[in-house]
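Paired with chain B in one complex and with chain C in the other, chain A is shared by the two complexes that follow.
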Partner chain A sequence: MSQNRPWIPYVLILPSVAFLALLFLVPLVQTIWLSMSDNGVPSLANAQRMAGDLNFTRSLKNTFLLTLAVVPVQLAIALAMGTMVGKIGRGRETILWIWTIPLGISDLAAGLVWLAILQNSGYFNSLLYGLGIIERQTSWLSYQTPVALFLAIAVAEIWRGTAIVMVIIVAGLNQVPKEFREAAEIFGAGPWVRFWRITLPLIRPALQSALILRTVLAFEVFSVVYALGGRNFPVLVGEAYNWQNQNQNYGVAAAYAVLIMVVSLAATVVYLRAIKVDPERLP
Partner chain B sequence: MQRLMSLGILAPALMALAAPTQAQTVFVSTQLRPIEEATVVRQELLKDAGQVDYVVEEPPQFAVRMEAERQAGKRTVSLVGALHGELSPLADNDTLEPLDDLAKKLAADGMPQSVLDLGKLGKPTQQYIPWMQATYVMAAKKEALQYLPAGADVNALSYDQLIDWGKALQEATGQPQIGFPAGPKGLMARYFQGYFYPSFTGGVVRTFQNADAAAGWEKLKALWAYVTPNSTNYDFMQEPLAAGEVMVAWDHIARLKNAISATPDDYVVFPAPAGPKGRGYMPVLAGLAIPKGAPDKDGAIKVIEHLTTPDVQLLTAARVGFFPTLNVDLPPDLDPGVALLAGGVTATQAAKDAVISLLPVGLGDKGGEFNKVYMDSFQRIVLQNEPVAAVLKEESAVLAKLMTDTKAPCWAPDASSDGPCPVQ
Partner chain C sequence: MANIVIDGIRKNFGAFEALKDISLTISDGEFVSLLGPSGCGKTTLLRIIAGLETATSGDVLIGERSVIGLPPKDRGLAMVFQNYAVFPHMTVYENVAFGLRMQKADDRRVKEQVEKAAGLLHIEPYLDRYPNKLSGGQRQRVAVARALAVEPRVLLMDEPLSNLDALLRLEMRTELKTVLQGAGTTTIYVTHDQTEAMGLSNRIAVMHDGVVEQVGSPVEIYNHPATRFVGGFIGNPPMNFITVAVEDGAVAAGTLRLPAPAGAGREVVLGLRGEAVALAAPGDGLDMTVRVAEPMGSHLLLTGAIHGQPVRVILPPAERVRGGDVISLRPDLDRITWLSPESGKSYPAAMA
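After this line comes the complex of A and B, so read on.
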């Protein structure tokens, strides 16, 4: 049919392309212009203001450290979860359903849940007090306890964001043909060899998608950090928010937004190069 | 996030469908935003004011909305209620309707001329009508009073006495017991502009980096040893006070009210401490204004008249803790928590060494960056322990640039200036 009327596919994708162009490309161009101009004249003043700011280096460092700490752990946990659930027959759906609960909660709500656990009068302190480990309220989220604060944010992020990785990995694992594994078993390959030599290479496309998605989201981390760390743990998106909302300097906020986009794009390119996917296996 | 966004898209559409057809006076306010307070406004304060649609807006969004409506040339808002400093950029754009007739009438009804004059925002005509006022005070649990240093009067504390008090509290309880609202949404910047700088230097901008300021910062570092490190997470001090995390706190009266109204017998309310130059304090004034081109100007004037009647002003004090701008006596059957706060405000205003510090004027949309200068200095000097003189020198350059960019003249307590306020 499409050979008779070759324009049909284009007409069908036109609405989505127009929609994206209108609601994505136009604001993108506007944001880039906002960040690169000063009173309507091209200028690097906003970028300089951003780079010279007190919290710029800290927020850059915090964002990268958090990404480095969170993404590999999430990937490992998601792989473990996906493999485990593959062995389960009855009740598989229920377990998957429970595991994906964090996906249904908004970022900020997740942050507030962890705040209720970790704040001075929170559940964690109550537990430690009940066990006789601490004598009085201890703060875990203050500027005087940067390691505890970092760990708290990392744990909250891992709790919140692992499910999305797992969903993609489980979908990938479902596509691995059973015959490969059975053949390997017959040739005497143990579970580890099967995992490293068969499963992992075959789920490369899923791994690539999961890593790109999760890393980009990690660079955009904000709500959980804002709820738990506030002023004590600046991250890039948080600084963009502060410049936009509190300082009302839209130029510097736009400079942060552009920086986050560049970092995310760079990470995506790195993954696309590092995890080569056989074109035959692309959908 | 997606849910929130779809809700955000759906809600106005549904509201547009459900909106009644008769004309309503749209009243947009940056004050009395929390749902409990907004409900009081809708159901009690505006009960007999005709058809009013009371809409709340966060201050940054308020500024954006007003600017967008100005640029579009189509107003939907008939009446705005906002702080003195938030109305000032609107007056600078010449977008507010002059309200001189109303001002004359209110002056005759007993609104002090000094308060009314603030509503001129330095212009020849009345830009807004003062609506309600508030300030910042300190609150303490009564059980903390036993640790006050000998000879100290809680209503006339000095910074040295506050430090000694904090030390005694920490020794007695094992934990720092003083708290400040230095969180992301806290009002800590106002502490520096209205309390710390006037008390230590007698100025805010001119004196930003002088020797008095440096000595003040050293004193604040000494105090901070007895301030809970969770302060950088606190936005509203009523929460840590009620939760028992701190015993002594400084904040805006509206942000202390819930804790104090819940158990008024547990608290004392008193003025902030005094430094070498006096006891700095910052009155907060909210005003009502009508944008030029408002769709329902007559309705808006009626609402202003209604909100500035003595009865409604007293009701406002009793229900939401903002005090009247009219010269009226508070009734004896006032909510005990509000009465306690009112006592703290009176003690502050009546203090012999009081130094009034006005809200910044003339900064336009640079108010946020002005706050940032003080908060950055705080973060570097107190939290990151950087050398005081070097930080003040660097930040004073930022401050000086802000002042010359906005051409904002000095405001009290700084001595007035021709042209932009200089940083000395």
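After this line comes the complex of A and C, so read on.
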């Protein structure tokens, strides 16, 4: 059938290709051009202005620190959750369902949830006060408490973004027949050896996907930060937003956007290299 | 090396009784098959022996010592899984070496043992390869080599040949027997294939619905099935069962008068192997209406009915019988099994 009409598959994928080209590639090229031109002439003025800005170094540092703090913790938690849920028979679906609730909440809503907990008159302070640990309302989210602010944002991000990592890890774990772990157990491997030497190598594809996805998303962090820290905690996307809306300088905003893209691509390449996936060595 | 005692093992999955009071003793160095249809509890029993599953009650002793509560690695056993479970991310060498590495054996001993096991199973050429590059039969060999490399006291195998094609299965069966005869390891072999069990085992435990129906040598089980299930499960064609009436302590079957077994009621089931009959003069013996005659070359397979009950018998290839014929058969009296129609159990053979 399809041998007689080899063009059919191409026709079928044409709409999606056209759609992507129109709504993704065109704006992408435009953005890159916008960032690297000045009044229609190629120029590095935008990049220079971006790099010279007071908040540039801070936002770059904050974004990287947050990513470094959040992604490994999320991966570890997701692996623990996935392993635990794998041992559960009945009620497994319900637990997974509850764990993935944060996925259904928008970033901003998640940020506001944590704001309600952590603001001066929030639940956290009420709890500490009620337990007699503090004597009066303490502020956690001000520019005078950068460490607490960083931790608060990291915790909120971990809460919000771990579920997606877990979903991918659980899918990966499901691909590994239990006989591999059982065989390892029979031949004398304890729980840690089984995890490090059998399970982890066998879920490489899931690890790779989860890390790439989560890291790229971490570089794009914005709403939660904005809700909790406002401008006290500048991040890259936040700066792009400010240049776009407050300063009405689209060129510098585009330069930030391109920078985020380059950083994400670089991270992806690092993961692809570091976690090699060889289909020959998978179940 | 070690003997194994399985003592009153029960296993419930919720309300479902997968194993109902299983007891079985296996001597040191013996090869015992657990044979039965799919779903009868073979794998569950094997996993309980291995320590991968906990029994609801009962005890398992390996080498005179109860292993209930011991983790699998402390039971001195190795296992070959149905889907092999050869680690895809390790070379064949590392797969075979896995158990020894876990025992922290030094490199020299690992190398020695791996080469020995690989030699036995003819996998030396693949030691550097990854398992996904191997065929099913080769992976199967790797799984067996991995198990033998640790020189286990007890070797457990769960349908190790069932994923191979028929020809390879026959070849691997012969080879397994050769390899294991040399090793002298106590072996429990799970299979649903009677020819595998018959060919490999010292003794067979026939299982059905979570109980052991009979334990015995292949010949015993074939010739003297303890239950109707065993007779019907073992043999190709399976044993024929003909229900006949008992009058005054004798059974009238065609023109034959046979002494009824002690304890028989008004009816009794005559269990007859398809090949335990000979063609007799017409009207002298059991009359069989032949529906289909299939010349198989080595023998002639007849399908039809005796006393209106379906049977299959085997005659020498030269006999001239065709579909539609009515023939008379004389059973080999020494090879008759009498069974109770109610319990399905066989009556003890009369003392000759």
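Rule of thumb we're sticking to: the second predicted complex is superposed on the first by the 277 of 283 C-alpha atoms of A that agree within 3 Å, B and C clash if a C-alpha of one lies under 4 Å from a C-alpha of the other, contacts with A are read in each partner's own complex, and residues count from 1 in each chain.
Throughout what follows, contacts are C-beta pairs under 8 Å (C-beta built on N, C-alpha and C of every residue); 3 or more make two chains touch, one makes a residue touch a chain.
Please read all numbers here as calculations on a predicted model, not as lab measurements.
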{"item": "Which of chain B and chain C A:184 touches, first, second, both or neither", "value": "second"}
{"item": "Chain B versus chain C as contact partner of A:174, first or second or both or neither", "value": "neither"}
{"item": "Touched partner set for A:54, first chain B, second chain C, both or neither", "value": "first"}
{"item": "Chain B or chain C, by number of chain A residues touched", "value": "B"}
{"item": "Chain B versus chain C as contact partner of A:143, first or second or both or neither", "value": "first"}
{"item": "Which of chain B and chain C A:226 touches, first, second, both or neither", "value": "first"}
{"item": "Contacts of A:106 with chain B and chain C, given as first, second, both or neither", "value": "first"}
{"item": "Which superposed partner A:30 touches (first chain B, second chain C, both, neither)", "value": "neither"}
{"item": "Partner chain A, residues of chain C touching it in the complex", "value": "50, 52, 71-73, 77-79, 81, 83, 85, 87-89, 98-99, 102-103, 130, 132-133, 146, 150"}
{"item": "Parts of chain A lying in touch with chain B, wherever the complex brings them together", "value": "54, 106-107, 119-121, 135-137, 139, 141-145, 223, 226, 230-232, 242, 244-249"}
{"item": "In the complex with chain C, residue positions of chain A that touch it", "value": "177, 179-180, 182-189, 193, 198, 201-202, 279-283"}
{"item": "Chain A contact footprint on chain B (complex, rising order)", "value": "1, 3-4, 60, 63, 174-175, 182-184, 228-230, 232-233, 243-245, 365-369, 371-372, 376, 379-380, 383"}
